[in-house]
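After this come two complexes, each holding chain A, first together with chain B and then together with chain C.
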Partner chain A sequence: MATVEELKAKIVQLEMKLEAAQQKGPKRHKIDVMSSEVVDSNPYSRLMALKRMGIVDNYENIRNFTVAVVGVGGVGSVTAEMLTRCGIGRLLLFDYDKVELANMNRLFFQPHQAGLSKVAAAAETLRDINPDVDIKTYNYNITTVDNFQNFMDTISTESLIGGQVDLLLSCVDNFEARYAINTACNELNQCWIESGVSENAVSGHIQLVIPGETACFACAPPLVVASNIDEKTLKKDGVCAASLPTTMGVIAGLLVQNTLKYLLKFGQTSNYLGYSALTDFFPTMRLKPNPVCNDNYCKIRQKEFEARPKVIELVKEEEDEKPLHEDNDWGISLVDESANEPEAKTQMVDGISLEYSLSNDNDVPKSSKTAQDDVNLEDLIAQMKSI
Partner chain B sequence: MATVEELKAKIVQLEMKLEAAQQKGPKRHKIDVMSSEVVDSNPYSRLMALKRMGIVDNYENIRNFTVAVVGVGGVGSVTAEMLTRCGIGRLLLFDYDKVELANMNRLFFQPHQAGLSKVAAAAETLRDINPDVDIKTYNYNITTVDNFQNFMDTISTESLIGGQVDLLLSCVDNFEARYAINTACNELNQCWIESGVSENAVSGHIQLVIPGETACFACAPPLVVASNIDEKTLKKDGVCAASLPTTMGVIAGLLVQNTLKYLLKFGQTSNYLGYSALTDFFPTMRLKPNPVCNDNYCKIRQKEFEARPKVIELVKEEEDEKPLHEDNDWGISLVDESANEPEAKTQMVDGISLEYSLSNDNDVPKSSKTAQDDVNLEDLIAQMKSI
Partner chain C sequence: MVDESTRKTLSNIPLLQTKAGPRDKDLWIQRLKEEYQSLIKYVQNNKEADNDWFRLESNKEGTRWFGKCWFIHNLLKYEFDIEFDIPVTYPHTAPEIALPELDGKTAKMYRGGKICLSDHFKPLWARNVPRFGLSHAMALGLGPWLAVEVPDLINRGAITYREKQVENAS
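Right after this comes the complex of A and B.
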């Protein structure tokens, strides 16, 4: 029979093993200031190197920004992980779903998390990855009346400085949630980027919405890369949409890349960018808002935008010249309006179609013939209605 | 003082806690046959849905394939995770590096893995994610003489059926390793896809190499999206390349998406696909092999390819017609050679440049003027030498 001393020794041994198992390994400690120092222990050296490379002027500003990610599924979870690894200041995560084994064909979640809420499971993993990021979770459906008001209040007050978030990323998988986000963002004058992946898993898109300046979700049906799949064949009992970690990883990558460009002001942020996986086709276009949009706040934002002098971004010069207007954070300048007005064009890039029709006519054109940069939505809708 | 019974009870309690901590949660069990059943517990339902969607004919064939991933860093680790979640049959992982906190700005590895070998850390995570995938690890540098021979032997015998791997993916970050892979693949007549991300983190590419049929790494300098960064400013003490989880995630996604298209025979596999993050520009092109390539096995493969009748892929018909040659797994048909011969063109897509010069002349053209689909490498090299 074991002595008391032997039992006590066994307890000490078990406690050490338990501590080791619970800690999983050395935890990463918090880091007060982002450093460029090139040592193996610095998780920010490869990001701060973007400054020396001339890509980003002040990478460390990333810590000042708050981004809301709505939907923490195949696209949203990878989006949140990328932002966390980039060292974003604060992340707000919204979802009301649970992790299931059926999600394991996408990146991020792991089988041992099955049954946990997506926001709780994501927050735990993300805090392990980068404890410097302030992560807040909201485990509810934003489309119910009470929750919608809480969602509006949260995105308008929960930034690091107690105001509106700097950008909202829509990573939801259904029409109602997109519509709720659109309604909230128009009312709050909140910039956001919509993202989506088709039900056949081989195409996707991102679309930047600046209220009043670019088309909102209610201005026009979101553009999707033509897939030739009849959506009516879906939604039957025992039928699910297809998904791939590849397509969702690419869309999350493009979404966060454009988020970094938008927040840190480098490169060109795309208004609309599509991805068709079967042919490696990536259409881009600009979408103007619809003057007869059904969303009243959209029309208010459009009037506000029209009342402002028209602006374009300054093309970055070879040499660092002083900006024309030094008090202008965005590097923009006044230009003659007519010089900035593109020709009205009425057809979409080949291979692109609308996700749904604004009219009652279901015969949405699947694709049109000529490539172009800018689409006049009024003409587009008139064209659709005439079919 | 505690009694023996109390101590024993404490031991039982600690053992249970330890077991729970070590297991982390419910482990996913192995699954013998991929099922399309739409239930929350089926990790393959969203992949098998690709069949009903008409995208892939036999998704479950993924289990028959073996893919080698060389380099398990920012691109290779995500590549391996995507293939694991897609349910690939066998993965061979090659790397000789250790996980560091400085890698935490890319996806996949976590801080508690710092200090572990990349292949061991990756294999542990991947087996947790999908125990159905057979993962083999090779923790060595493939460029040394002994290891190179072992590498050659491994990729030519370690497929699931004891032969050559079905595809090799190069996710390495240096010239020597790419050259070693190219040498091995030309000798073994092994198809592979090269990938790379620029040192300023904002561009990348993938390139499919079919020995004798498309340009190999020695035929021509790999094409890179112009970055205007002087590589001589790098490689100094205390200076590291920049990297972003976004760019690496996009490149990994495009790499694995093209791997799936190549293995499962759907869509069009790109020969060369670039990504320029600043402008969301994705050039594609086809590259023919160089008849005076320095790699002798490349020239042998070219002669073998020339001796075969020229082929093109059948365009998929609206209705399922019988293939012209039923014993032809690849759905290819004989065509008149002249009909398949593109016009010789001598300029690259705008915004693309060569990574290095084959001649001793360092004045590589940074970009050229017209977009095109096919590049004649002989003309290109002649053009470069004439500068």
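Right after this comes the complex of A and C.
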């Protein structure tokens, strides 16, 4: 066994190594005010040039905004990097996963970060890229009861001015987490953009959700962008999901582009924008909320929105942005389900359909219901244990 | 969508009635009672059919569940630990059932050993909110997953039979 002296010597040696490693190359220092001066030491000159060109009126306002990125994987990490390079004021990063070597087909993370929590690894890299951005990390699963309240509290109080965040970006990879984000955002009246890449890696989407004004994630079954692959030939045996850095990069780019447009108020922010990689098709549409949405807060927000005076839009809607009819029946199934084939999808617009319909539960036999009499929970737990 | 034997299994599992999740305080207690009633009946059915294949229990809040499941292959009994949390969005979204010890051994899993469900599961669950509960997630989710994946894991040598598994299981 090593003596204390030997260990102390080893520590000194390692500290010197660490210092040497950290001194690689110049370090970027904090900058107080964004300048448009074009010098090679100004990291903001090309962004501020957007003002001079008349694209954005107020680029430096980017520093006042707080954006929450939920899910720091293939899409979320690239999203966070883009926002960091753009000079966003504060970033809140949520994820409970660790960096794995299996993630290396994606952008951003590096092999030496394997084993670190994604939020810690991301924060380190991002602070190096741009120390002006205030980065906060939250290493937990937002869908559990213990963490959900903390998630809601954070979203509603951790902006730069101690209030609600300006925008939340969903970069999670599963239905449950999206649903949890939707629940929180409807309750908090929080605007957010949902993003996703399909499990076959060749399509994706972004969707802006303004509670009460546009459809929420619970208003309809999940939307899918046509990938132009014959479902019957799609082999899912033996794998859950595929992923491509290209598709994820495209979706992250569309997500941050719309974030910038939304925050800095330039151009048009898409409500729903799809991406079909095999055909390079980008369908768009606008989705109204469902008056009979499952989420009670969605219905409350809809009432609030109806009661507000409307701003008359000067921009004429384009032909292909067909607003969906209020009485759209989300649950229409085009083909009966008796055949053992993937079900027919309800088409919303060309290239976008519902993943499944909610009507027609003939495939489940009606069975008895659990009794409602005065049973005691403790007795039931004991009974379950003793079987 | 649902084959005959699953249909038969389903017809004997009591459906639930209370649409409440773990954030709903008193209503959640009601839901939890229904969950236990449904699970007890399902396990009893399984025992009667000589197909006893899992046990589950929860913390007292009913938010965290754990237990064991068994799978018999070539007369040998393989046993796995089960765990999952009830998400705040339950029962609108199904729980993500995990078998942590199989994490990394099959591509039909997400991180942390969460099983990858068939494309049919999610629509079926969505159409049956709030009537489906944990027993349905077991019958439609974990049961079929084990039936497909465990023989494959054994054949590939990814898992091997251990003597003590039988002792624990009995």
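Quick note on the criterion: the second predicted complex is superposed on the first by the 286 of 387 C-alpha atoms of A that agree within 3 Å, B and C clash if a C-alpha of one lies under 4 Å from a C-alpha of the other, contacts with A are read in each partner's own complex, and residues count from 1 in each chain.
As a convention for this text, a residue touches a chain if its C-beta (ideal position, glycine included) is under 8 Å from a C-beta of that chain, and two chains touch if they have at least 3 such contacts.
Everything quoted here is computed from the prediction, not taken from an experiment.
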First, second, both or neither for A:E176, with chain B first and chain C second: second
Comparing the two partners chain B and chain C, which touches a greater set of residues in chain A: B
First (chain B), second (chain C), both or neither touched by A:N189: neither
Touched partner set for A:Q257, first chain B, second chain C, both or neither: first
Partner chain in contact with A:D97 - chain B first, chain C second, else both or neither: second
First, second, both or neither for A:N61, with chain B first and chain C second: neither
Touched partner set for A:C240, first chain B, second chain C, both or neither: both
Common interface residues of chain A - those touching chain B in one complex and chain C in the other: 100, 238-241
For the chain B and chain A complex, residues of the former touching the latter: 2, 4, 7-8, 10-11, 14-15, 17-18, 21-28, 37-47, 49-50, 52-55, 78, 81-82, 85-87, 100-102, 104-107, 110-115, 125, 128-130, 199-202, 229, 238-247, 249-250, 252-254, 256-258, 260-261, 266-268, 270, 273, 277-280, 282, 284
Of all residues in chain C, those that touch chain A in their complex: 1-2, 7, 10-17, 22-23, 29, 32-34, 36-40, 43-44, 47, 55-58, 60-61, 63, 85-89, 92-94, 96, 107-111, 116, 119, 122-124, 126-129
Complex contact set, residues of chain A against chain C: 97, 100, 141, 143-146, 148, 174-176, 179-180, 183, 218, 221, 236, 238-241, 294, 337, 340, 342-343, 355-361, 363-372, 375, 377, 380-381, 383-385, 387
